[in-house]
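Structure first, commentary second.
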């Protein structure tokens, strides 16, 4: 079953991105915060020590419930948020200092495709202006007409043909699928090292999702752009990713080969997640694993395993210390006291 | 060719705007009033039967054939004065509202978009200005520093911007979180460029609507100042007509009455337009058509 | 216990056979907009027998929500044009007097909305709203009686009694959805409609609530309609499914048939858009193109412009829903229904339980 | 909540200080010299002027005057009026009652009438009554209060002679007890009507739009789906949810009543703060001006905080921590 | 000195004749009732001598008395002093006080009160300080005699004593306290015909009859000053019978109508006060006599009277008020309006018109008030005809004072003012060091003439000097007189015994001790 997954491993072995213990802590806001924690030292630990690396052309899927920090992590990777701890390296270069020193060079390396295609573009600008702006900023193309030519080519490549037809349209005149394609085109115009795709299909109608997923797959194959694919949809993530990381309250609890994770989830959270995910095939009737409650907000979690309060197989140990990494081989890592090598 | 296409789109979006706007009867009425008022302002010298400053010999003559709306206590033709007063009211209203709109947009845009300490400081300032008893402040300044029209316009403009700033700030705050603004950051646009290319153009609509309303309130403020005798004596303004006419209220009621009506109609025109714009331009209110 | 007694009644109703609990006959709903009439629901026939659970699946703009809102007569009167007939237990819902409608609402048909966050008044405590809603149909009910009933239901949906004393904003999305589900069951209605009731929830919460719904259906013998854009939700919880596209019904039938061996090209496309969670990774294709303009729908089959299998006739004539056999080969020509036949309302044939209906020229839809 | 209020109060104090300093400089930089005015126009003598300057500390540098002023204010002393030689607070106190009577009456009338009419209109959107009410609202909204006051005097006092033109009591027939209150009420009618009329549109508009907004909320649909009586939905659920913005307007109005009523007070010779204020401006009574300004800023700040508290009471979603 | 007194008496008689209201058929006064007088604004306080306070004055007239006072026709009449003598050298004034005077609190009034009052005014720089600068000492030979010793003869002294800021205050109440904050400032104790009852700030001041008034108890039970700041509202209140006496001057435009109104009595006469234009002679072109002359020729004084003053009053001719006839020079008068000549003079002064026909743009600051605005408007229209574009600057009075009196930042301005009670008033308006001389005008001859005249005691000696001053003014034109101010008294016709009617020669303005109401 996991055969197809391993066969589509990235060909190049060059590491393009590595995240080392990255953290994003927000001071808990005191105003109108519903949960009303009062002590001063509280932090919302949106991302709390995440490690992973990404090879050229590799697609890493990140799944987890809302609030698990996956979107924040995406933002950290493209420099929309500055990590409060840890380091991100692009091909060995430290990202934060790059962003401070030469922001444009940073922007060229890291791009993002957003969740909401209907909001990705200024409704007042037409596609031509939207696409040529990054070119202008980064000094690509010597004249307006040349830049227009570049845009045309990119659009055609992305299957938006004929390009002239689209160039002078405004965002509201395109469908969600088309807009998301334009969004990918724009991100790729700068030939980035890697791309974060943050829930790129969740706002799209089911019938047009395939189109975007396939476009991303094609991209990673053709231009070997590494992709971090963030989604709450497990089947979509599995469809597109080489590897999958499961996040819970700001931490990766399990990471490994996509099919391996889906078919042999080890962490209780992953198991609950996958078992509760309904299948489109009515023959696959499964009973979800019951866990308690819903993910709490990541305000000072711990000291034990963050998942322990909801876990169906907690032990005493889980409540006291955060579990160490357990290497299950083949790149399958899990952080759980209850899983033994 | 591209330009034509762009122009065509522009025309179309104007058309759409007009469709949405013109579907509101009240807004159209407001526009008609405005057109009338502007026409009167431009044509005042040509359609006025008299020079508004000409001191005729019949004082306090009742409205009649000779003087459509009568004469005032100095023998001036009230109708001509009201026609000429249109210019002053419009000028004071529009200039001060524009000033307030511009300051508000810039301050609010910077505050909301830049965020952080800048925002904290600016919004505190906005709050402070919002808490100022504005009319009193205007009154003090105009009373103490002199009541020329320029003073009045500047003071109204300088004291009425916080409302606009707050609107623009709210817009900027929400626009800042919008994907296309974040996207602009990711493709490497600078903060200043984002402010002027994305934040202000997309967030200015409520400010435009509000500025329209402010024209109305500036006209009312000017009238209020004039009523306290703090209008510019060198020009004919409606507020001053009411103020002057107040002395003749029982014997020549027409002076204050008609000038007041001119204010009501004009101010209403701006309010109607402002509301209409709000409904078209402010997405929150878009459903609430009347 | 009250609940069990009513369950028995429901059972009897189902066993007695006869007409369906809900019949939607030639229903069309149009929204007035400044620039034209949007045909949100277009000539839809659908029926539901007591005890059934029907999933209505469709993408955005398919008119599925409008359909159920018209069943409850909740569409704004001034902006919508509704034609056709909705019969509930023989009562003509669209034309019955206001009091009759008020009686039917909640007592007989209740609904759980998608945006549970907004489904309760934010400035009143849960208990207050529960009490008020309960008393709509039981004005004399005592507090204890109401409390007992709602706490029983809370128990069923895994909610702590504490929730009653809280304000809606103090609850999470999942809890609110549970409150709404419990609330929808206070009078044990004959029909419960779940309008995207789990869409906004996270995977685990959704899974758990779906499990609870299924349990309720089983235990209380509920008749339910689940409206969703997610086939997997229907696959998990429903017996029958109706696939809608652009305001029209494309295919209706047993879940096991329609979702496993779809006939309509749209259904096929839709299913192939869902990558499987397990098994081999096969390339998913989706459906090219986008939803047509509902203000000026194309002539012929509404799906024709995007249909990979479209024939010439598809672009000219609207197909008529037709009952097909399980394998799709045998046409049951004598049970046909569709637009134009609503003249003699009572004579319209209702497809039998478990019938597979397809509106496509490839499957006899042109035989009208 | 306590902490929030403390923070709010802190911000208010800062605001007030800022406002006072700003005001102090505006007032003092402006041309005009109170000593000069007090010495009169008939035969002003330089010595008299100098004596007056010294007496009121006007000869000291501005920053010294400012510091002196703040020192006094902190001790709760608003200083002495230059013109009246009496404590500023006493002067204000004497006028505050009349102003509050007028403004509270009109604010409450406007609040009740405006929001009722607004709610009525919201439930009948598009009807003739709604259209008529909206038109009247626009009309009143566009009316200068002082002009409306003049017109009302012209019609009800001059022509019809059914109401008194001005003042607060009938001096010809001084009355006591209940009759006195009736007399005051009688004199209150026109000014209060004027002020209410110009305020009603604000309430009307905000209520109309907020009610019609709430009526579109999902929970209203939910209650409708439950078969609940429309009137009950409206009375119990829609209204409580819609009242919040109206309360804000009410708060704002109350906060600015003192200044807002000035013009009307002048028209009707109502013995309130408005005229005290104008007099203080004309006579350059610095301490009095500053005192009025302080009281006004304070009332704005306090009202804002009260509105915040009211909000928290009305809307459980708001938790101030 | 006897002679002097007799001159005074003659004056009084003449004035009474002038008033022309024969009161032969006077019905018997009715006792009781409340008189309601509209009143412009709140008094500052009831300390009558500390600050200039126009809004306290009419009320104080009823509560306090002076040594001597002015009747509504500006004649000096006895008040607390029943008679007085002036020494031949003009340096000693002896006042003999009424003997039956009691303060409202019952304390006996004596000459010590007078001495204390005037000493305090001089020492604490009360509002009349400037007028009392000639005083060297005040002595009280007995309880009913006060002697003022002057440093030099000052013929205007008596007039100034009768004018403002000279009410006699109760020594026993004020002595040893700060007279600016004494509680009596809120609840005054005087010797006048009415006692203070209450002051509801911003609304009214009530006085009640003082039955022990030394000139005889007043007829009225009460006088209420009803505060109505807005002239128009005040008029409405008057017409609505809410007020008996229009203490707030009605808008000039309404006077004509009031005169025709049944039940309303209007009395008008020229006051010794006049409107005039003042030039800022410190700067060009106003230092050029031709330009000033051109303005005098260009202004249409009759139009000002007709339009701005609604026909009330008369166009000014000479340079002093004709109301004080003995000092008035009717020979040296203003030229008739002559635009041609004005234009010629302006041309000659080098002020040529530009393309739009504008020679000059000038600032005319004036203070608020409808008659000022109207007057300025007429002047603006008049001067436009000779190519002078006037920019009107309406200022409230404080700013006007600053701009005109202190900063001298103006071209021309307009003002008016009381020119009495003695022509010595000219000193402060046209003397080099005059406190109201904003023109920057300085003429040694004028100063000399004014000084000399003020030290002479005989009218016939003083008159030529004042007439000379007027001649010089007519030649040098530092000011252009415009019109005479009209005193206007409006009251209901059922109000009898008004100061302006029966009170001539007896009581001062707004002293309602003789008033009685002829209605139920």
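Letters A, B, C, D and E mark the chains as written, and numbering starts fresh at 1 in each.
Here is the rule we go by: contacts are C-beta pairs under 8 Å (C-beta built on N, C-alpha and C of every residue); 3 or more make two chains touch, one makes a residue touch a chain.
The UniProt protein names, listed by chain, are A = ATP-binding cassette domain-containing protein; D = ABC transporter permease; E = ABC transporter substrate-binding protein.
Model, not experiment: these values are computed from the prediction.
A.B. asks: Which chain's mean C-alpha position is the greatest distance from chain C's?
C.D. replies: Chain centre farthest from chain C's centre: E.
A.B. asks: Which of the two pairs, C-D or A-C, is linked by more C-beta contacts?
C.D. replies: Between A-C and C-D, contacts are more numerous in A-C.
A.B. asks: Using mean C-alpha positions as chain centres, tell me how far chain B is from chain D (ABC transporter permease) in Å, no decimals.
C.D. replies: Roughly 23 Å separates the two chain centres.
A.B. asks: Can you give the whole-Å distance between the Cα centres of chain B and chain C?
C.D. replies: 52
A.B. asks: Could you please state the distance in Å, as a whole number, between where the Cα atoms of chain A are centred and where those of chain E are centred?
C.D. replies: Inter-chain centre distance comes to 89 Å.
A.B. asks: When the centre of a chain is set as the mean of its C-alpha atoms, what distance in Å lies between chain D (ABC transporter permease) and chain E?
C.D. replies: 39
A.B. asks: Quick check: what residues of chain B touch more than one other chain, meaning two or more?
C.D. replies: Correct list: 143-145, 246, 249-250.
A.B. asks: For chain C, which residues are shared contacts with two or more other chains?
C.D. replies: Only 169 qualify.
A.B. asks: Where in chain E do residues touch at least two different other chains?
C.D. replies: Answer for chain E, listing residues that touch two or more other chains: 230, 236, 239, 396, 398-399.
A.B. asks: Under the touch definition given earlier, write down the residues of chain E that touch chain B in their complex.
C.D. replies: Touch residues, chain E against chain B: 230-232, 235-236, 239, 251-254, 257, 303, 307-308, 310, 368-370, 373-374, 376-378, 380-381, 391-396, 398-399.
A.B. asks: Can you name the residues of chain D (ABC transporter permease) that touch chain E in the complex?
C.D. replies: 30-34, 36-48, 51-52, 55, 80, 83-86, 91, 94-95, 98, 153, 157-158, 161, 164-172, 266-269, 271-272, 275-276, 279, 281-284
A.B. asks: Which part of chain B faces chain D (ABC transporter permease) closely enough to touch in the complex?
C.D. replies: Those residues of chain B that touch chain D (ABC transporter permease) are 26, 124, 127-128, 131-133, 135-137, 139-141, 143-145, 216, 220, 223-224, 227-228, 239, 242, 246, 249-250, 253, 256-257, 260, 263-265, 267-268, 271-272, 285, 287-288, 290.
A.B. asks: Would you mind writing out the residues of chain C in touch with chain D (ABC transporter permease) in their complex?
C.D. replies: So the residues of chain C in touch with chain D (ABC transporter permease) come to 72, 74, 78, 101-107, 110-111, 113, 115, 118-125, 132-133, 136-137, 167, 169, 180.
A.B. asks: Which positions of chain D (ABC transporter permease) touch chain B when the two form their complex?
C.D. replies: Listed in rising order, the residues of chain D (ABC transporter permease) that touch chain B are 11-12, 14-15, 18-19, 23, 26-27, 30-32, 125-126, 130-131, 134, 138-139, 141-144, 146-147, 150-151, 153-154, 158, 209, 212-213, 216, 256, 258-260, 262-263, 266, 277-278, 281-282, 284, 289, 293, 296-297, 300-301, 304.
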